[in-house]
């Protein structure tokens, strides 16, 4: 299924008057609006191939109808998103769940939807059918060099897949760790992981980045070998210039100040990218912006400030991706909500009066600093984000249009109700 | 010092055009706006007498200039707030920090500022000069009946003070608990507390409420005898119809769903009132809405829904109070920011499309429910709250006007720089 | 496979000298030792039928060899445990994972291993093949009465199964809740749940108990409808005398004081039973005593004190069960370790000098109270627990003997390597 | 007051039979016992000068009788501890609370009690009378270079004091941070802190260490500029070889795996030392080992393993210090309990069968690894620690003897009841 430009145009037309009224009002409130809209247009958030089906917990999964059965259908799904929001122009593949059989065909299919391939993701947290060694006790950290080598080889394969697709980054998320005191020698687990990553790093093309993700717990429940930003940064520094830390918003201990971490990683030139989602308790993998929208804004506030301080291109300087699990919502609508929330937080960060903020900071004007940030956050910028989409041919309201068009029913007619998409 | 109506009128005049533009825009977006504005006008948030000076931590306190030295000056302070925001028309006294010497004089002073006396607060978490028994090991829970009786008597005294001032509620917050395993018999501590509260309850005038506050930890670090809403509710139920649970936003374990607690307490007819503040880590006592404004909105969303379901008067049905600590900001500006954030969250809750929400819930439309809530939250309702103030003769922007008028400097000229207000 | 009494006797014989030396030493340190040993002998911890296979997380499962394929094999597994430790003389079935085809055969099989049937557990957190309504959006809380009725009927069926097996309790754990703000009306979800439970309660035989379990989060990530002990207690009180709260150690927010909760539930006569496990981060479902053994002791300290205060029979007064997930360890060894840790904590609680503790508490002797508790905890009581087993014909060291006998290899020979036991 | 050797000898004599029975039993269970006892004898834990008085919270302080009024009396207090436990042979001074008037006199006084001077501690988290600039908005991070310079100068002064006393390390704990979003530019706060530390570092004698402490929150409630081990390590690496990270057990986010952090810092050669205490909720500053004794053991398990791997001297390689707050207990008894718990955890770590553990780890024997650790933890090693003290002339039971001798009453007679010792 493809959403036609005409359908979007028709939808927009019927909502244009309302949009224009809102946009004109907010436009009168913001200086530099054109520059902001251009930045929003350029800002693309990659969609992970594993998040197009219904997600689950260890207690079960309640799959929905019309899920994508193949990589082609997953690309079709992302195509639908991108047609509507013009901000999801990249797909991030998970190997081995989504190995293209014919790379060129897949590339041209993606291209037909205006999509490129973002970071490729390796998987050494599960055993695959026919695998020689098990990852039950870890992969890159494993006490047995043969297991480590198998995991290294898998990552090298993933890089190769990525090269043929035009990806420019490898994301390594490791479940490696331990669930009981005594199980691991922490130091050796770290050293093994480092050496394994060094082996993989050798195979990284010179124009690639390696993203080293961290997570405090789950699926291991006592220690995780790359558990926090400090451990990831340590590894990234030892690996070299192409290695970076990747921040997933759900991977922190309770109450962690993520925005400060982001700021320091940017300072150290070691922030690589983001996995967006939201959470209340742990790695809940909820829709971005659904739980703590102010925190999302504060993170973008640091991102914009930190990237500008280094003269980075907002759109290209870092890797932007969603990593969420859609247990209850239609995955595609969930993703549309996430992208919208991310764009909104980005827009809010862009309208922060940086000069005034700097002045408030320099005079320890705590009240003033809060007023300046909240002035940006309280502004209703949804029409600005909508305008950016409109100019690119996207829908004024992707979520509403998706639901009005009843996209899922059409997909279900095409695909049936019994598919369970690969993924978590 | 008193802010003259004329000063406010002058300030508003110079910002009226901008306000009108914003208000007209948002007015066109909201149905039932007049009813909402009336509710906002009626909604008063009490100011605690102990929060008018600089707050501190166990590591120290950095007092500011012009702090109030007397109860009269504290009332003057609240008068300043109320003149600006018309939403702080009540003061909540803490005994023994703020015992009026002459009740009638104090009442008429308060009255001259348009203030009434909200709940009175007892203090059995500190020892006062000359006190017979120490509260080092608890007060109403104490193993020694004589200590309990002393604490009971103090609470009865506080009620008497409150009666003479026109208060209608007693707030009991107990630090009682233990810092080490074994220190307490939990059951006996609970029973002693219950019996002590029953003694106090006997002295409650029939038109009074007793608010039983809970807190998970601090100043005790192992157990608190009224640690969570369940324990408070248990006590309130055993005490009788006039006893209620009081919710302080900073008194919960990490990640607690406070809005659900609020909803259930309302259902049980046992929610008594609120201590507003915000926090990231523990009982941080920060400005309301400064850290998690979406959570504040979600709480008000439950409050409005739950009060409406029971036909309660929003303004009178529950006790609304700020309980924050102003370690870095000017206390008065901090309070103005808090009141503004609370009013804003209340306004957002009032504009939620309840019929649509109910429909979404009844059809398990999770996406729709989120869209409906965020539609209310994303709207910029600041002009609505400002309009409510404007109609009551308050300032369009209390924080800005307070700063422009340099109120603190004037207070400092009057009061000097070396006063440390009583409180925490 | 069955472990012969002779094998255990032989094992014990070869370790008897060492045991006797240790036992004699510790026996000289403890008064009332015989009474303690008798209590340990009487204390049985039920094994859940779903915990006999390898557990998993949402990221995957690494199954082990020799897992039980049938209910018969699960009973065989528990029989092995009980032969070794003489403390696992009960099995708790999960319906529909473990529906007996022929109740009488199953009962006599269990009986042949010395096992009885503990509480039966319903499952409305997953959809079963062919089920009319889905539990995706809840079961007993569901907005649709037909879904609620289906879940009610399932619970009534489970009671029937239990009656035929000789069980005396129904454990209801609900995943019901919501993952996004707005999804649920908290009040109605609670009321629906209450009414559904009331329907089930009507079918409870008069000598049965209903255990209402609570959990703060997972698999729902915003709210859980029975989220904490306060909500469970509210329901249990509204349901009637046969309804009780069940405490699972992993179901609390970070830092919760579980021992205080236990004490208060006992005081309210509403503590029903326990699901033992351990955790560091969330509902990690680790081996009991593997992470926080002192906390486990403190909980037992409250249990013993509270049960004695009410004159309850330790062994029969409450329901004792393990609820853990064995992701990395052999499930049977994991369970042996858990039972050992629970017995040890119970033994430590039994040797607490209660009179001295009471005296310390009554004089606010905080130092003394800590010394008394730690005196009990620091004592090495493993030989006491071993002696209790020895007298019952169990193994001096179940974990070691299980491993020495290579039980798992034998089970694998019998059962093969490709079975995945039903469960989580 | 001084405890005479004779008093200790008399106490020990009356408990010797019991001790010998216990010691002989445990001695028969442990190989290499003599080496372990020697390590315990060599292991000294410094006492902070600020922890000799009653501690408090922001809600108040309940001082006790006989508190030390002067540095001399504080040294006397530590002398009492050391006389009893022979493990508290060092005192850590806090400047400016404890500036010696006459260094030589103070040194010889300390020496008369067998005490040396451990790390000196600077204080830029409070304003001192007459100070030019306030630390309200930070010290080493401050936006104003003059404030930073004042704080730098203070640290240089503290080093000078330390040099004259024979200290060999400076501990820098900074409260610097922010309480509200926007208040700080995180990057600049970090850079200012780094530059300030670099200035101080220049004045560090070549045989000194600088300990950079971290803390997640309090007294700031949004961000702390040195908030976690990653930030501390970043600074220590940029500063140079003499800079190290200092770990305070209470300074972590909920559920942090402190033992893993310790292991990695040792690996990086950047672990400097420890502040021991225990906690349940936050920086509760409770008696070491009173809440999570197993965690304390696991930390020592990593310390012993990591120090041995690098061939470090356990006693001298790192800085060992208590940092607790004694709100309810007599400070001196609290400190005796802490030292005992630390020694016990150290002893447990020393008896871990490292070869077996390594073997279990290398074969992913998770069950075995747990058994090995718990074997060490479950052993009752109190008699071993007592024996180490006995051989050094200390008391078999310092806590009991302190209480029996009624030391506090004697101190109160000497000092009176109205002293409030300087400190928190």
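For reference, chains read A, B, C and D in written order, and residue numbers begin at 1 within each chain.
One rule holds for everything that comes next: a contact is a pair of C-beta atoms (placed from the backbone, for glycine too) under 8 Å apart; a residue touches a chain by one contact, two chains touch by 3 or more.
Source: prediction; values computed, not measured.
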{"item": "Contact-richer chain pair [A-B vs A-C]", "value": "A-C"}
{"item": "Furthest chain, CA centroid comparison against chain A", "value": "D"}
{"item": "Chain A and chain C: spacing of chain centres that average the CA atoms, whole Å", "value": "40"}
{"item": "For chain A paired with chain D, centre-to-centre distance based on mean C-alpha positions, whole Å", "value": "43"}
{"item": "Where chain B touches two or more other chains, by residue", "value": "136-137, 179-181, 183, 216-217, 222, 254-255, 257, 280-281, 287, 290-291, 294, 328-329, 366, 370"}
{"item": "Sites on chain B touched by chain A in the complex", "value": "21, 25, 28, 254-255, 257, 280-281, 287, 289-295, 328-330, 333-334, 337, 344, 366-367, 370-371, 374, 377-380, 382, 399, 403"}
{"item": "Residue ranges of chain B in contact with chain C within the complex", "value": "136-137, 143, 178-188, 190-191, 216-217, 222-223, 227-231, 233-234, 253-257, 259-260, 263-264, 266-268, 294, 298, 301-302, 305-306, 309, 357-358, 360-364, 366, 369-370, 372-373"}
{"item": "Residue ranges of chain C touching chain A (in the complex, touch as defined)", "value": "55-60, 62, 125-127, 134-137, 175, 179-181, 183, 216-219, 221-222, 254, 279-282, 284-287, 290-291, 325, 327-329, 424"}
